[in-house]
Amino acid sequence: MRILVANVNTTASMTEAIAESARSAASPGTEIVGITPRFGADSCEGNFESYLAAIAVMDAITRYEEPYDAVIQAGYGEHGREGLQELLEVPVVDITEAAASTAMYLGHKYSVVTTLDRTVPLIEDRLKLAGLDARCASVRASGLGVLELESEPERAVEAIVAQAREAVERDHAEVICLGCGGMAELEEKVSAATGVPIVDGVRSAVTIAEGLVRMGLKTSKVRTYAPPRPKVVTGWPIPGSDGAR
Amino acid sequence: MRILVANVNTTASMTEAIAESARSAASPGTEIVGITPRFGADSCEGNFESYLAAIAVMDAITRYEEPYDAVIQAGYGEHGREGLQELLEVPVVDITEAAASTAMYLGHKYSVVTTLDRTVPLIEDRLKLAGLDARCASVRASGLGVLELESEPERAVEAIVAQAREAVERDHAEVICLGCGGMAELEEKVSAATGVPIVDGVRSAVTIAEGLVRMGLKTSKVRTYAPPRPKVVTGWPIPGSDGAR
Amino acid sequence: MRILVANVNTTASMTEAIAESARSAASPGTEIVGITPRFGADSCEGNFESYLAAIAVMDAITRYEEPYDAVIQAGYGEHGREGLQELLEVPVVDITEAAASTAMYLGHKYSVVTTLDRTVPLIEDRLKLAGLDARCASVRASGLGVLELESEPERAVEAIVAQAREAVERDHAEVICLGCGGMAELEEKVSAATGVPIVDGVRSAVTIAEGLVRMGLKTSKVRTYAPPRPKVVTGWPIPGSDGAR
Amino acid sequence: MRILVANVNTTASMTEAIAESARSAASPGTEIVGITPRFGADSCEGNFESYLAAIAVMDAITRYEEPYDAVIQAGYGEHGREGLQELLEVPVVDITEAAASTAMYLGHKYSVVTTLDRTVPLIEDRLKLAGLDARCASVRASGLGVLELESEPERAVEAIVAQAREAVERDHAEVICLGCGGMAELEEKVSAATGVPIVDGVRSAVTIAEGLVRMGLKTSKVRTYAPPRPKVVTGWPIPGSDGAR
Amino acid sequence: MRILVANVNTTASMTEAIAESARSAASPGTEIVGITPRFGADSCEGNFESYLAAIAVMDAITRYEEPYDAVIQAGYGEHGREGLQELLEVPVVDITEAAASTAMYLGHKYSVVTTLDRTVPLIEDRLKLAGLDARCASVRASGLGVLELESEPERAVEAIVAQAREAVERDHAEVICLGCGGMAELEEKVSAATGVPIVDGVRSAVTIAEGLVRMGLKTSKVRTYAPPRPKVVTGWPIPGSDGAR
Amino acid sequence: MRILVANVNTTASMTEAIAESARSAASPGTEIVGITPRFGADSCEGNFESYLAAIAVMDAITRYEEPYDAVIQAGYGEHGREGLQELLEVPVVDITEAAASTAMYLGHKYSVVTTLDRTVPLIEDRLKLAGLDARCASVRASGLGVLELESEPERAVEAIVAQAREAVERDHAEVICLGCGGMAELEEKVSAATGVPIVDGVRSAVTIAEGLVRMGLKTSKVRTYAPPRPKVVTGWPIPGSDGAR
């Protein structure tokens, strides 16, 4: 089984970190392929960048020419999953939703700890649309940007642990979701510090995608995610910014 | 006062129809400028096309070089309003929301009558995110595509009137929103046939945008719609499909 | 175009302040007429006074003998809008709703800062019934009575700014609605102190009412707001307390 | 124990019917006093009449000079309960809420069958504000006016039974609330025809009021229902329409 | 009239305290019979114990051989009410729901103060299922176990008063429900200390059950609470742990 | 990895069918052990039977003496998952929730098709408590009892297909969950007849449980699912009805 894991930003090292994290949760025999968009922001921290990522991920996935069985959209709070579902038949799993649905099997309420405060409403909105917000105790921000998580790992752990503790003590969360594609490696440290299960979206998405594939389930095509109607689409695929086109 | 009205598809004749409709609701002294995206689908009827439109509208608006006071996103159920709000300081009004908030001043419950069944969930989702769904009785589809509204006006009226009647009789709607940027000219006929107020999103958006400008109100920049952080963004602006870039 | 702006209390100086505020948002050519009820409390700060105001405003509006195009109910959190909608064909706009629907175009969440703590539940209830509560972060009280806003303007600004800051910092509001008909003149000061857009209900209601009139929209009469059935009504109009009857 | 049961309309024969119904549910030793407003409509079927009733009931109750232990507001869907709670210390029970909270002890979902279609939104709104709507399957209208229930009892039973059956079969109601102060005597017939428990609001309110009194419970005065602040109130009490004042 | 009041734990002294409390709210002529389960935990503070109590109460009630008119399930937050409703025709009243529906007649919002933090989610879940959560401001824990309430009454009052005050001041509760079957005797002290009405679930349930009986209302049998279908049930009644069977 | 799959009824042939279905979704190396309760009903179709099953499953699981990695509660709409989570450290997955969370990855809305109408409210309640109801279009009943599914497979397919079609056409479901532990083998036939993905709860639960185990995630023990406190529990384990005790 081959699963494409699409990073939403253009930072290749982050794609690799995400893919590595995905591999750590994959079954034997599952191949994980990391996909980096050809265009967009080097980190996604807002609506403009998120919408650009939505298109960039669709662009990158539809350019991928080998067969595959499922796609993971590895942006926490980012847009685009519904578009991929229209374009593809294989299952598409969004990590924001994967983390939430996984956390809900482990405790009565869960919280998300993410990067910047400005991304909190995006995550809240994605959870609301997904219908996975009823047991969300809070979405909290560590105050660190996406790239700072990589460059300052110790400060990241500290800031995330602080918010995770608040989530448990004040918001009555019993499980913490790490709200960023690049936070996976922090899992163990935050769990040790808080005593609650820590859920990583990418790893969760891998197990869910594998399950869907194993059960032979595909995206429903009867209504919302029917293939786009045949029509004139100008400027798509997006002309290459990689020089090749 | 100058208001940009952004069509979400690439059909220039539809931009003109939308702009004309906008003008019919504008105050004296308000200039309406219709904007057609440089790329995207010739009609938006699904998530892929909607996400592409989100980017195409941002592209088109940020390329516009004259001063303006407000922007109207004239796609019913389409994505992108939040991205524009980040990129701009002037108010941005989405027609899906404008129709709903206007309808809520006229009756206890409202319904939306839109084009294809597959676009119903997009509209429902936008209303839910906007927090304007509590008094929405139903979103109904006429079964006609966006472009058929233009090419087959008589059939369009008939199909829309049929659904509007169902909305009033079965769903207890007291007001009908016409759920498509290109439906404005049907207003009178549907109203005559159903006896309830008919709300057009574009016209509503014009009055709301004018009001915001007149009160000197702009998008809040403290959190969700703060300007994008300075960072490396590859491939933006989207390389021209018009040959000029 | 003539718009009646109905104060909900019997304090004529407040009616004048409200009308002045309304005029500051009106288009050229719009005439604003302030209406003071003939009976009721000199300030509305609770349910009994609010219900009395509902009837007093209906009494005052139905006694007005000149033609007019729209009515604004200028009580924040007060009852009565639905009754006016039954009695009239022209649009009726409640300032509690006008402020909320306007704020929702400017930020992801809004808060209301009002007068006394006891009026908070009235405002919450009006927003819930109007279906405009989903994006309301909080309704906060400054602790000052309606008439103290007029008599102690400096203390008023201070108390309101303090609550507005809490709303932004703790409740994540991105826009503040000033929750009282008599707060309009504080707009500028509170905005300067908090850095977020400040929405005034009266001014918002004027722009919305003008828009509805310009679009030719009137209250739907098919169900909830159908005219009262012909029947025996005793003691209405309310016998005059002004000595004239 | 003495309980005042306030009719919301001016039809004295209906007050008597309501009081009689109340007596049939009262404990030995409970005195039921029917109260007819001095002004208002001879039947309440809309917002204007309901708001007028709110004031008329407050007027009538505050004029009552003997001691009493509780008040029942016997209008189904009518306004005013919150105002009475401010003016009084003894418990106030609204029959719309009493029927709903009683029905919820008897089945998983309940429906309300009321008079005219135009009163349905009033009842829905009262249930929503009361927080008793989550298990309401539907509010259905028989199409008969309040006074027709009295004048055409056979047709009334037929129309109400028809709607009650629909509620059970289509909306999955397991209990029916009779949604009108004057429907009490139909209880037995509708129950026999549908096989589900029929709840009458007036009778339910009596048992709830008696319970509150027996437990020594009174309306909380710390916030929403604190007594009105001392202030100038013009025209209250409402000048007499009965000639005596 | 005879009402069975079922304790959910095996502590007979607590059954007696509950029955005594029930008697203090009962009408003359109502006989209260306390029922102690034959098996289960000596106090219920979690899901396992609550599920066991559900069965133990059904066991105890169905073994009771005298006639009776209603049953009260006297466990705050415990499971089982729906099962009793299937097995019996007489009304079944759960004290968690009785306290909530009673509190809602006395103030705009209510809070529950219960024993251990771990039981808070059980109570929240019961209120959500009962559709009585919309006006619940908070469920707070005193941190004392069920049996400590009995053994350390002074500490109990102190801890409960502290939480009740927080509920009023921070959560804007206007009424407090004592969230435990064994808390009834604290009513007066907590009320004196907080100035808000204190609602006891057992006493409330008695008045509600009496009212249902007086109105001749029984559990609806058309759907959710129809009697169990005839089938093979092994091990029921639960074989006696009391040696006698 | 070993997963216990607990049937909720005492019908051993159904346990075997469930286990077989579970095996068909399991990864290589996963051992599925079917568990049949020692007591309870031979099919669960209501609250009494469901509560009894809750205890019977806890009894059966805690008697199982070999090591295992996860537990699946294979009753659609049945109680008990929360109790197991307290008693165990390994993950516990309820099939009602597993089907719902799986369906939500495949379409915008899902419906459940279950057995008897009387079990619909149980399923609705479980989904509401699990916070997985927001995207549930409907829960529909085929009208067939649990055991009839086994004895009359052809009639079962027909009845289920009929309801699934209604769910798709009227309720706008895009995915169907088969709402019964014993429906797994119908999957293919219903899918062929309706054209939408069919989700089986048992199979879904296996993939979710495997994923949780592979990620090393266990039930959070900080609050709701902390182990029962040490206390006197009478009559537990339930004395044997199998003659051995």
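So that you can tell them apart, the chains are marked A, B, C, D, E and F in the order they are listed, and the count of residues begins at 1 in each.
Assume contacts are C-beta pairs under 8 Å (C-beta built on N, C-alpha and C of every residue); 3 or more make two chains touch, one makes a residue touch a chain.
Going by UniProt, the chains are A, B, C, D, E, F = Hydantoin racemase.
Quick caveat: nothing in here was measured; it's all calculated off a predicted structure.
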| item | value |
| --- | --- |
| Interchain contact steps from chain A to chain F (minimum; 1 if touching) | 1 |
| Farthest-lying chain, centroid of Cα atoms versus that of chain B | E |
| Chain located farthest away, centre of chain D as origin (C-alpha) | A |
| Intercentroid distance (Cα basis), chain F paired with chain D, Å | 44 |
| Inter-chain centre distance, chain E versus chain F - centres from mean C-alpha coordinates, in Å | 29 |
| Where chain C touches two or more other chains at once, by residue number | 108, 121, 172, 223-225 |
| For the chain B and chain C complex, residues of the former touching the latter | 25, 27, 91-93, 97, 101-102, 104-108, 130-135, 168, 172, 174-175, 195-197, 199-200, 203-204, 206-208, 210-212, 214-215, 217-220, 222-225 |
| Interface residues, chain F side, partner chain E - complex | 10, 38-43, 45-52, 54-56, 58, 79-80, 82-83, 85-87, 117-118, 120-122, 125, 128-129, 145, 223-226, 228-229, 231-236, 238-241 |
